[in-house]
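Structure first, commentary second.
Naming follows writing order (A, B, C, D, E and F), and every chain is counted from residue 1.
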Amino acid sequence: MNFGFHNIIDGNGFGVMLTGMLIVFVGLVFLSCIIMLLSSLVDKKKRPRRRLSQNPDPVELKPSTAEIIAVASLVIHMESERSLGELAQTPIQRQSRHGSIWTSVGKMHSLSEGGSHA
Amino acid sequence: MELLIKFLLSTGFVGMSWQNLVMILFGVLFIYLAIKKNFEPLLLLPIGFGLIVGNIPLPAEIAGSEEGNFFYNIYQGVSQGIYPPLIFLGVGAMTDFSSMLSNPKLVLLGAAAQFGIFLTLIGALFIGFTPAQAGAIGIIGGADGPTAIFLASKLAPELLGSIAIAAYSYMSLVPVIQPPIMRLLTTKEERRIRMQVSRQVSKKEKIIFPIVAFLVCTMIAPGSMVLMGCLFFGNLLKEAVVTERLANTARNAMIDILTILLGFSVGAHTLAENFLTWQSIGIFVMGAAAFACATAAGVLFAKFMNLFLKQKINPLVGAAGVSAVPNAARVCNKVGLEADPGNYLLMHAMAPNVAGVVGSAIAAGVLLTILGS
Amino acid sequence: MNFGFHNIIDGNGFGVMLTGMLIVFVGLVFLSCIIMLLSSLVDKKKRPRRRLSQNPDPVELKPSTAEIIAVASLVIHMESERSLGELAQTPIQRQSRHGSIWTSVGKMHSLSEGGSHA
Amino acid sequence: MELLIKFLLSTGFVGMSWQNLVMILFGVLFIYLAIKKNFEPLLLLPIGFGLIVGNIPLPAEIAGSEEGNFFYNIYQGVSQGIYPPLIFLGVGAMTDFSSMLSNPKLVLLGAAAQFGIFLTLIGALFIGFTPAQAGAIGIIGGADGPTAIFLASKLAPELLGSIAIAAYSYMSLVPVIQPPIMRLLTTKEERRIRMQVSRQVSKKEKIIFPIVAFLVCTMIAPGSMVLMGCLFFGNLLKEAVVTERLANTARNAMIDILTILLGFSVGAHTLAENFLTWQSIGIFVMGAAAFACATAAGVLFAKFMNLFLKQKINPLVGAAGVSAVPNAARVCNKVGLEADPGNYLLMHAMAPNVAGVVGSAIAAGVLLTILGS
Amino acid sequence: MELLIKFLLSTGFVGMSWQNLVMILFGVLFIYLAIKKNFEPLLLLPIGFGLIVGNIPLPAEIAGSEEGNFFYNIYQGVSQGIYPPLIFLGVGAMTDFSSMLSNPKLVLLGAAAQFGIFLTLIGALFIGFTPAQAGAIGIIGGADGPTAIFLASKLAPELLGSIAIAAYSYMSLVPVIQPPIMRLLTTKEERRIRMQVSRQVSKKEKIIFPIVAFLVCTMIAPGSMVLMGCLFFGNLLKEAVVTERLANTARNAMIDILTILLGFSVGAHTLAENFLTWQSIGIFVMGAAAFACATAAGVLFAKFMNLFLKQKINPLVGAAGVSAVPNAARVCNKVGLEADPGNYLLMHAMAPNVAGVVGSAIAAGVLLTILGS
Amino acid sequence: MNFGFHNIIDGNGFGVMLTGMLIVFVGLVFLSCIIMLLSSLVDKKKRPRRRLSQNPDPVELKPSTAEIIAVASLVIHMESERSLGELAQTPIQRQSRHGSIWTSVGKMHSLSEGGSHA
C-alpha cells in the first residue's frame, strides 16, 4: 500500500466528499422541511395517547376485584392461545400436557377457532 | 492401515497454520466481548463463532469446491445483498421515528455526523485503498451494521469481514469513544442546556412519514433505494396498525433468522488471508477515526446551529447523529446527566440518532452511485 | 387488442369452459360423496367437545379467591417459563392493538379479523 | 464538480415520467385503502409500497443488471412459484374444514361459484387476450390470492401484477359487490330460510379428510397437485395435534415472512409499462364481472338445489362459494340478518366458502393443464 | 370435446401403477404411525404426506421439467445440504449439555454406541452396496435424523428417502427394540445400580464447552465441521444468555419452518422406483441391526468400564448412547424403574444420550472424509 | 445385488470400521478429558440455580393479596407492552433468567440494555 496525497487526487476524494456531504445535507434538510409541513398539514387535535407507566407500581394501581377478575379471564384467554406455544417447545413437553386445568379445553379451541385467514 | 494414515493426514492439526490459530483466537475474543462486555452480542457472537468455524484448516477433499458447500450457500444471502436489506426491514419495524418527527431540526445533526464517513474515505484513499474500498471503509463511520455490510458487499467484498467486524466493534465501543470528545468540545454550560419537551406526534403523521421520507430520500439519492425501501417499508408495517402481525414477525422471527445466517456466514468467510493483513489494521484505525470525526462533527454542528437558534440545542445530542442506535443516544443521556443530574436528553438524542440511520443510508447510496462499477 | 367472437372460437373458449366446469363439479361432487362416506365410516359416538366461551364475561366468571390464587400461580408459572426462554412465539397474541386489558376479548376478534393472506 | 453534475443527472427527478408518478400514486392509494378501508391490508399494503419502490426511476448504472438486484432476487420466489404454495400451506394450517364436513352438500355451491372463472375467461378471450392470459385473468374469479398469483406466474407472468392487485382488491370489495346481486336474485322469503344446525364433526374425520380430499382432487385435476398438496398438508399439520408446533409456525412466522416477501416483490415488479395499459383496464373490468358472475352462479345454483332438497338451503350461502375467505361468508351472514335478525348463516356459509377455495384450486389445475404451454 | 378427452387422459387414474398405489399406502401408514403411535410425528407426518404427493402419477406436460417445479425447488435445501445443518443448529439451541458436563466419563458410552454404525456398514457392504452407500446406510445406526440425511445427501442421494424413513422409524421404535437387548445383557443387580447425583454445572462451563468441544471434534474429524459448527453454534446461542432471542427463534420458528420443508420435500422425492426395491428392504434390515448393535455395544461397554471404576455405572445408561434423543434416555429410565422403582436414571442417561449425538456426527465426518468422492 | 465377503474386502470395510471407531473414541475421550479440565479450571463456587417447578401448586404458593395485585399489574403491564407491539423487539422478556414476577421491573431495565440489530 503506497501512501500519498496523489491517491486522494486520483480517487477524486474531495469531489466525492463534497458531493456526498451536499447530497446528505440536501436530503435531510429536505426531510426535516417535509416533516414540518406534515405536522402542520395533519389535524392538530391530538387524542392524547395513553402513556402506560413502564414499571407499574403495585401500590399505585389498586385494582378492584373486578379488575382482578378481568385479569383472571385475560390470563385464561392468553393461556389458551399461548398453549400452542407450550406445545411448541421441546418434544418432551409436547408429550406431557401439564399446565392449568382451566385451559385444558381452551387449547384445542382457540386453535380450531383461530380466525380463518384464507 | 494406510486408511488411518490417510485420515490422520486429513485432521485439523496437519496444515494448522499460525494464521488459523490467530483467527480462532480472534473468534474467541469476539465471543468473550459479546458475552462479557455485551458488545453487540447479536452480531459479534455469531461472527465470532463463524471466525472459528471458518478458519479450521480443512483438507481439500472435504472443503471441496465452493459450490454445494454449506457456508458458501448461506453466504449467498450476503454476497447477493439479500440479508442486509431484509434485516433493515426488521429494523424499520422496530424503529420509532416519533422523536424525530417531534423536533425536525435535530435531523440536521444526523446529517452533520455523516461527515465522518467522507473524511474516513479520504483517509483510506490516502493510505492507498482503491476508491471503491475507501468508500466501503468510510461507511464504517455510518455506525450502521446492515448499511455497512450491504455497501461493502457491493464495493469491496474482499474487505467485508474486516469492515463488518470493525463496524460492530466500534458501535459497541461508542460509550468509550464518544464521551471524551463530547466533553472536549463542549463547555459545562452547554452540556447543561435543557431542551423543551417535544410535542405529541399523531398516528397519521407516523403513517405518512415513511412513505414521504422514502420518496424524498430515493429521489435525491437513488442509490439508497433498496435500503430506504426496506427500512421505511418495515416502519410502515409497524405504524399501520392493520399489518401489526407482519411487523411483529419482521422484527422477531425474520430478523433473528437473518441475523443468525448473516453473522455466522460473514464470520465463516473472514479468512486469515483477508483478515490478517495491513489493510485490516488500516481499516480499524480508519474506523476509529471515522467514529471520532462523526462525533465531533455532530457536536460542532449543534453548536453552529445554536448561533442561529433562540431555542438552544444541547450540543451533546449532536453526538447521537452517528446513529449506532441506541447506544449513542444513551451516551448523550449519560454525559448530560453528569453535567446536570435531572437533565434527561435520551428522547431528544433519539431524533438525531434515527436521523443518522437515514443519513448513512443516503451516504451509502451516494457512494454506491459514484464509486459502484 | 382486437375484439371479436372469433377469438373465443380460436381459443376454444367454450371447450375450456365446459371441460373446466365439468371437472370442477365432478371433483367437488366426488368430494362431498367422500365426506358423506367418511362421516358414516368413522365411529358415530361423539364425545361432545366442551365449548369455551369466546369472550369470557368477567361478571359471569365469578372466580373464588382460590381461582384467583390459581391465576396468580399461573402467571408466575408463565413468567418462569418465559424467563427460561422457552416461550414459543405466538404473534397473534401480540397482534391486538388495544392498550387495556379489558380488550383481551377484542384480541380474539382481531384474530378472526386479522385480514387474509390468501 | 462534474461529479456533482453526474450525480444530479442520476437523481430520481431526472427521468421521472408521468407514468412513474401515476404508479406511485396508485401505490399510495392502495396503502390508503389498506389502512383506512382495511382492504386486505396484509397484501395490499406491501404491494402498494412495492409499487412506490419499484417505480422510482433509476439511472442504468444503479438499476444495473437484473441479477444481483435485491428485488429481482426476492421476486424469484414468485416467478419460481415457491411463495404461493407455501402461503397456501399456512392457509391450510389456519383453515377449519369442519363446517364443510358437517354438511357436505353445500360443497356443490363452491363448485357452482367457479362458473365466474370460466365466463371471465371467455370474456377475456373476446376482448383479445391470448388463451393463456385469459385463463390467468379468469382465475381472479376464484377470489383466492395465492391461487391467482400461482396460476398467473405460470400462464401470464407479464400480467401478474395487475391480476394480483385486481384479485385482492375485489376480494376486499366483496361486501360492496355481492349484496345487491344477492338481493336481486333472492326473494325475502328465501333469505329468511333457516338451516338446520350442523352435526358435530369428529377429530378422526378432520384428520382423514385432508388426505382423502387431496387424493380425490389431484386424481381428477393433476394440475392442482402442488396447491392441493400444500393446502391439505397444512391442514393435516393442524388437525393432527402431534404436529401442532409445525402448524403453529406455518400459520404465523412462516406465512408472515412469505407474505412480506410476496407482496413487496410483486409490487416492486409491477412497472408502469405493464400496469398502465388497456389490458389492465380490461383485467379490472373482467375481474369485476368475474366476481359478479361467481356470486350469481352460487346463489342461483343454491336455488336450483332447493328444487330437489326438502331440507331447503338458504340461497344466500351460495354467494359464499366464491371463497374470498372469510369476507364472503360474513357478507352472507350480514345480508341474512337484514332479512331476519336472528338467522345466523355464518357457520353454514363457511362450508361453501372453504369449498370455494378447493374449487378454484381445481379450476386452476384444469387451466394449467389445458392452457399451460 | 377432444379437449375433454385430452384432459381425461391427463387425470391421475390413467398411468396410476401399483407401485404408485403402494407408495401412497406407505404414506398413509407413516401418517397413521405418526398420529396414533406418535412415531417422530414432526418428521414422519410431513414425509408421509410427501410420499402421497410425490407419487401421484402426473402427465408429462404437467410434471414438466425438474426446474421450476415446486418440490424440486424446495428439495434444493436437502440436496445442497442446507436444511440439515440449520436444523442441527436449532437442535443445539434446544440441547442441554449440563448432564454430560457433570459426569464426563459417561461420554465414552456415546462413543461405544457408534459401533452400530460401522458394523452396519460392513453388513451393507456384504449384501452388495457400494462403499458410499454402505456408509450412508450405516449412519442410520447413529439414530440422528439430520446427521443421517446430511450424510446420505452427500454419499448416496439415491437412497436418501429410504434412509431418512428408516432412521426416523427406528428412532421411534427405540422403546420396542432396546428393552429386550438391555434385559438380555444385564443382570437384575446391574440394573439396580444407583448412580451418585451429578454435580452442579456452572454457567461458565456451559458457555466455554460448545467452543472447546467444536474445536476438539473438528480437529479430530474435519469432515464433521459443518454439523459440529451448527450444533455447537446453536448451543452457544442458548448458553450465552445475551443471544437468547436468537436461540429462541432458532429452536422455534426456524427449526419448524426447516422441518416442514425438509420432511415434505424428502417425502415428495421418495419415488416408487427408488423406494420399492430390494435395496430398501436391505436398508431396513440393516437399520434394525444397526440399532440393536448400537444398544448392545453401549450396554456392554458400560459393563466393561465397570471393571475399572469403583463408582459403578448402571449399564442400562449405556443403551442411551445411541442418541435418538430423548427417547433412548427415557427407555433407560423406564427399564431401570422396572428393576428398582425409585432408581431414576433419566438425568444420568442424558449424558451418553447427547454424547451419542456428537459421536455420530464425528462418525459421519469420518465416513464423509473416507468415502466421500 | 451380489452378496459376499469379497465386497467387504474390496470396500475395505474393516479398515473403515477400525479407523472410524478409533477416531470416534479418540474424539470423545479427548472431549471428556477436556470437560474434566474445564470443571477444574472454572471457579468452583456455585450459586445454586433456582429450580422452578413447571406447574407450581397454588396451595404451596399462598400469595398475599398484595402479590395478587402485583400479578394484576404485571399482566396489565405485559398486555400494554404487547399491544403497543414494542416488547416484541426486546430480547429481555425471554432473556431474564429469574423466575419470579417481581423482576418484571428488571425487565424494563434489561430492555434499555437490549442490543440492536442495526
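The definition used in the following text is that a contact is a pair of C-beta atoms (placed from the backbone, for glycine too) under 8 Å apart; a residue touches a chain by one contact, two chains touch by 3 or more.
Quick caveat: nothing in here was measured; it's all calculated off a predicted structure.
> With one step meaning two chains touch, work out the least steps from chain C to chain D.
When the steps are counted carefully, the minimum from chain C to chain D is 1.
> Looking at mean CA positions, which chain is nearest the middle of everything shown?
Here the chain at the core of the arrangement is A.
> With centres defined by CA atoms only, which chain is the most remote from chain A?
If we average the C-alpha coordinates per chain, E ends up farthest from chain A.
> Taking the mean of the CA coordinates per chain, how far is chain B from chain F in Å?
29
> Determine the centre-to-centre distance between chain B and chain D, using the mean Cα coordinates as centres, and give it in whole Å.
From the centre of chain B to the centre of chain D is 40 Å.
> Using mean C-alpha positions as chain centres, tell me how far chain A is from chain F in Å, no decimals.
Result: the chain centres lie 25 Å from each other.
> With chain centres taken as the means of their Cα atoms, state the distance from chain C to chain F in Å.
Centres of chain C and chain F (C-alpha means) sit 33 Å apart.
> Two or more other chains touching the same residue: where does that happen in chain B?
Residues 3, 7, 38, 41-42, 220-221, 241-242, 244-245, 248-249, 252-253, 259, 366, 370 of chain B each touch two or more of the other chains.
> Enumerate the residues of chain A that touch no fewer than two other chains.
Residues 12, 16, 19, 23, 50, 52, 67-68, 71, 74-75, 84-85, 88-90, 99-100, 108, 113-118.
> Can you tell me which positions in chain B touch chain D when the two form their complex?
80-82, 85-86, 89, 207, 211, 214-215, 218-223, 225-226, 229, 232-233, 236-237, 240-243, 245-246, 248-250, 252-254, 366, 368-370, 372
> Please give the residue numbers of chain F that touch chain E in the complex, ascending.
Residues of chain F touching chain E: 1-5, 7-8, 11-14, 16-17, 19-21, 23-36, 38-39, 42-43, 46, 48-49, 91, 94-95, 97, 115.
> Can you name the residues of chain B that touch chain A in the complex?
100-101, 104-105, 107-108, 110-111, 114-115, 117-119, 121-122, 125-131, 134-135, 199-202, 204-205, 208-209, 212-213, 216-217, 220-221, 278-279, 282, 355, 358-359, 362-363, 366-367, 370-371
> Inside the complex, what are the residues of chain D that reach chain B?
Residues in contact with chain B: 3, 6-7, 10-13, 16, 24, 28, 31, 34-35, 38, 41-42, 45-46, 49, 52-53, 56-59, 61-62, 68, 70-71, 73-74, 252-253, 256-257, 259-260, 264, 268.
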